[in-house]
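Which chain is which? They are A, B, C and D, in the order written, and residues in each are numbered from 1.
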Amino acid sequence: MITYNYIVAFFLIVLGFYTIVTKYNLVKTVIGLGIADYGVNLLIITVRFNPGGTAPIFTAGELTQASYFVDPIPQALTLTSIVIGACVTAMSLSLVVKLQEEYGTIDTREIRRLRG
Amino acid sequence: MFNWLTVLETLGYILIFPGFLFCFLVGLFLSGVDRKIVAKMQKRVGPPLLQPFYDFFKLCGKETIVPAAANKGMFLAAPLVGLASLIVLQMFIPIFNFTAFSTMADVIVILYLLLIPALAMILGGAASGSPYAGVGLSREMVTVIACELPLVLVLLAVARTVGSAMGKGLVFSMSEIVNYQSANGSLITHVSMIPAAIAFLLIIPGETGSHPFDTAEAETEICEGLLAEYSGGPLAVFKLSHSVKVLTLSSLFVALFLGGLGGKIAALVGSFGLSAAAAGMIGGLLGAIVLVMLCLVITIVFISLVHAITARLKVEQVFKYYWTVVTGLALLSLVLAWYGF
Amino acid sequence: MFKKLIKESTEKSPWLFHINAGSCNGCDIELVSVLTPRFDAERLGFKLVGSPRHADIVVVTGPVTKQSLPRVLRAISQVPEPRCIVTMGSCPQSGNVFKESWSVCGPLSKYVHVDVDVAGCAPRPQAVIDGLALATQILKEKRGQK
Amino acid sequence: MSFLSYQHFPIYSVMALFLGAFLIVLFGKSKFLRNLIAFLATAIALGCMIMLIKPVMLNREIICYWMGNRAMAGGYAIGIAMEVDQVSLFFGLLISTAVFVACVYSLQYMEHDDNKPQYYTLFLMLAGGVMGLVLSGDLFNMFIMVEILTFAAVALTAFRNKAFGALEAAFKYLVVGCMGSTCILAGTIMLYAQAHTLNFAQLSSIISGDINPSTLVAFALLYIGFSTKAFIVPFHPLAADAHGAAPASISVLISGVLTKSGVYAILRLTYFLFQTMQLGSIQFMLVFVGSVSMFVCVTMALAQHDFKRLLAFHSISQIGYVLTAIGLGTGLGLSAGLYHAMNHTMFKGLLFLAAGAVHFRTGTTDLRKLGGLGKKMPWTCALFLVGAASISGIPPFNGFASKWMIYQATYQKAVESGNIGFLLATIVALITSVLTLASFVKVTQSVFFGQIRPEHEDVKEVPAGMIIGMSLFAAICVVTGLFPRLVTDFLTGPAANAALNPANYISSMLAGAPVYKTYEVFAGAGVWSPVNWLLLLMIALLGVTIVAVLSKYDQVSESKEGELVDSKFALFFGGEKTEYSQVGGEDLFWGFKQNWRHYFSFMHELHSGVVNDYALWAVVALALAIVFLQIAL
């Protein structure tokens, strides 16, 4: 079952990159960044997920060798990553707005003053 | 540790033998010979042999005009820096067995020190503010780039050949290269070094900016280019630097490829049965004389002859020539040296 | 000693700067012929240079035209001292056949001090060399005065 | 442990910068407080780093600092660690110096801009991010720092959002930078899946012995991710855009500091995490990418007409040198590479500050619209020349010392390994150096020499604070150039040693008792001491000058100040009246470009400026890296 997660995660990353490479609309580029980011997030929570494991919340003395739980670190990492992803989206969208004001277009093929 | 004798010796080196006086006399003499030989080749009588000396002293007596647009400090300092760095460079190049300071020099350092006189001239010309100098600067820089690639390859090939012969992998040190040659014969006897030597000889006119490659100072098209605004003393110093550069490059060639003569000279002096000090002195003197002779030959063949039989190239032709013909020769040499010929 | 060296050398290495002030090219060609193997003025140390800043002797050819006058004067003023001005051919001396034309401002001596006049239309190379040799003497005298 | 024990200094220096950023948000309205906080924060960071030289560099200690004192438990590193070994400290020193100088310079440079509190906040965030990155001992922590610095850098690039192309540059950088960050995160998590830890030392001890296809993919992802931070080929167009648009003090940080963080991470990755530097294929990869960066970027720089954009391309070209040298995997190469990294921070900082000074006074950095400023801004001109000489490797400045070591290292490697590819790297490095010189001659001529434009007649020298900032960099350039032994013995030598002894790093973290093993750094090659040469040059120059003065060299005729220029002192214009005609701009070396016209037009087409193309390059590079590593290892 867990294999599907990996496949979907990498598929999302590749899809995100594909979107960035092929779409000429700045908003779509931002969406592509988001998709790639979600792919990585999915990858993170899939790693070290133990099917049937409990939540890793223990009180003193409760933790034994036989405890079967999900690794908490990737979940903590995911939280950080989601926050960062939100920041990326916010920042890039604000730049898109500014770019639209400045250039009057959001087509990447038109936004190429700096080249060569 | 402060020894007056050492200080005096060092000063002697700087001011007299491999230094200032030697460079001044031999450099100007070489360019006098060059002008005379070119005249002879064109069936002219030509100027007297001492003409460059006359030119030099005359220019010293002329008024020096600093244009209002020029950056005065840079304008006046550039010629002096160029000359001083050339003289220091000359002191680093071993004259057969005689080495003034060469223990600390190596071929890559020399490669970079060779850039400084050209750079001094470029900055001086740029500081004058003249648009002719701007054009000259561009051409000079392109010529420097053009000469740099084959020069690099030649020096790497030399380092590799000596290194593999000495079993060290590679040798950059100038004095080690010369010592190796004086013990084992000149480098030019190696098969792999012949194309390198030819390439180096072809580089000499380009580096010194003599005739077919003198695009940077083309007097008919761009009014002497970099030197357009120079007059009097600074101009004299630049002309002197030009002449000294011929000497420097020729003696670099001798040190790199004909160092084996040093061993012969040492053997010859040894056969006189003199005391060590006297032998050293005589050996040094003889070495200097042989060096001047060899420089004369190089000047006549690779500067005067080339001058007399060619017309000035365009700057892109200069570049193309050096990056194809000369680089090809140097590359051939490097490949041969790499595979141990 | 240094002064003497300079003075001696001044005579032996005069560098020429050539200004064409509306010449018909006859004199220009003659000036170049002075440097050819046949006459070889370089044996006296003459050399044609490209910038007035390098020159000792300014050779002016042509009847100084209205167009060229300010340019000639500017170029001459840019030659460092000591300098010597030689007019070559009849044009800069008298105007020759162009005299009193509306476009000719000559003779040159109206505007600057001319040291040597080499007459002829065009002067023969021998005459030019003679004039230049005279100019070097004047140059040496000027050097001495300084 | 007392609070002033040096164990705490790494965290102090990071905290000082982040705390400074926070405080400026609160108290940034007042100019005095804002400047004071920014100055103090950067000074504390620099001070902490300098104080660490003695224990870390000289006594060879490795500082392991567990946040909240959560040390290893049951053989697993659960807490967040900072680990400062010689390599970290070396980069930390570079970064804190550059940040400090940039801060001093900003105090006056940013006078004309609005939103200064935001500027300083982002500035300190960027600095703190890079500082945290190099001092961190934890892979995920590194990722967070990478994100912080990417955001700060993007925001600062767009800071002057009315400037030409600033928004565009920021957006492009954001897109490709975030692709890089995504790669870093994916790589990190793939390593976590293998080793169940994020601690650098522990990861290394688990992974380095057991390299399987999955870790190789992680390696490729991390490598590409950090490449986007170092801006090496194929990410160089972003650097050019970002540097060109950002304020000069930020360009200093982007080129001197941000790219260094990428280099640092690649070094950590190859030498410590995977310990693969002894493999020929990894050496080939780094040297190849380094050489290509060197050459491509220097030729791109030759075709530029914007001062800062040109400098940006050079910056990547110099990073190419660093990467090539580091990629050799030898002690000499590492020492040379680190030395050059340090020199690059200094001279490129100086050059960017000089560009900023020109922009501050004239409002433009277009080479075609400048000229003749040398007379109006003599200090800037002189300091710029120092930087230009350093970057082109003219002795006795620092660029020469490190480049010389790089040539020797590459050639020696070529001879030892018998691989002619390294020889090509030597030749490319030497040619790049002269092309660098050429393009700085172009800048010198186009900006500082030649004729002054009529509209710049009343330009003045920049204020003292900016001169001080530039002078600090220039002084470091000269000193480290004159005494290379000082640097190689006390800074790069220990750092190279640490990089060649990853076991120390691991064992000091895991067991607390490193085993020191010293590698011979200088095998067969030495450090050229330019002092003797310089002394000789000085004597010769003095001699020449005395002779010259005796023969009245300095008795010149020149026009009087303020007087109308007499025709005698006007420029020779073929007799015409002097008019404005400046030779300069991007086509100064047409003789060179004419022969390379096909190459240049191809490159111009290639750097199309469309963000999709750059993203495509990133994806292709990632694919190539994955395939190459899978095949080669």
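Here is the rule we go by: contacts are C-beta pairs under 8 Å (C-beta built on N, C-alpha and C of every residue); 3 or more make two chains touch, one makes a residue touch a chain.
Keep in mind that what you see is a predicted model, and the values were worked out from it rather than measured.
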| item | value |
| --- | --- |
| Between A-D and B-D, the pair joined by more C-beta contacts | B-D |
| Per-chain Cα centre nearest the global Cα centre, belonging to chain | D |
| Centre distance in Å when chain B and chain D are each reduced to the mean of their C-alpha atoms | 36 |
| Length of the line joining the C-alpha centres of chain A and chain C, rounded to whole Å | 82 |
| Interchain centroid distance [CA atoms averaged], chain A/chain D, Å | 30 |
| Computed distance of Cα centres, chain D from chain C, in Å | 58 |
| For chain D, residues that touch 2 or more chains besides their own | 551, 557, 568, 570, 572, 574 |
| For chain B, residues that touch 2 or more chains besides their own | 60, 63-65, 132, 223, 228-229, 232 |
| Per-residue overlap in chain C, given as positions that touch at least 2 other chains | 51, 53, 78, 80 |
| Chain contact topology (line, ring, star, complete or other) | other |
| All pairs of touching chains, each written as two labels joined by a dash | A-D, B-C, B-D, C-D |
| Contact footprint of chain D on chain C as seen in their complex | 2, 19, 51-53, 68, 70-75, 77-78, 80 |
| Chain C contact footprint on chain D (complex, rising order) | 551, 557, 566-568, 570, 572, 574-577 |
| Chain D partner contacts - residues on chain B that touch it in the complex | 10-11, 14-15, 19-20, 60, 63-69, 71-72, 74, 76, 80-81, 83-85, 87-88, 91, 101, 104, 106, 108-109, 111-113, 115-116, 119, 122-123, 126-132, 134-135, 137-139, 141-142, 144-145, 148-149, 152-153, 156, 159-160, 163, 168-170, 172, 215, 223, 228-229, 232-234, 237, 314-316, 318-320, 323, 334, 338 |
| In the complex, chain B residues that touch chain C | 35, 39, 42-48, 51, 53-58, 60-65, 132, 218-220, 222-224, 227-232, 235 |
| Touching residues (chain side chain A, partner chain D) in the complex | 13, 16-17, 20-24, 26, 29, 33, 36-37, 40, 43-44, 47-48, 71, 73-74, 77, 80-81, 84, 87-88, 91-92, 95-96, 98-99, 102-103, 108-109, 111-116 |
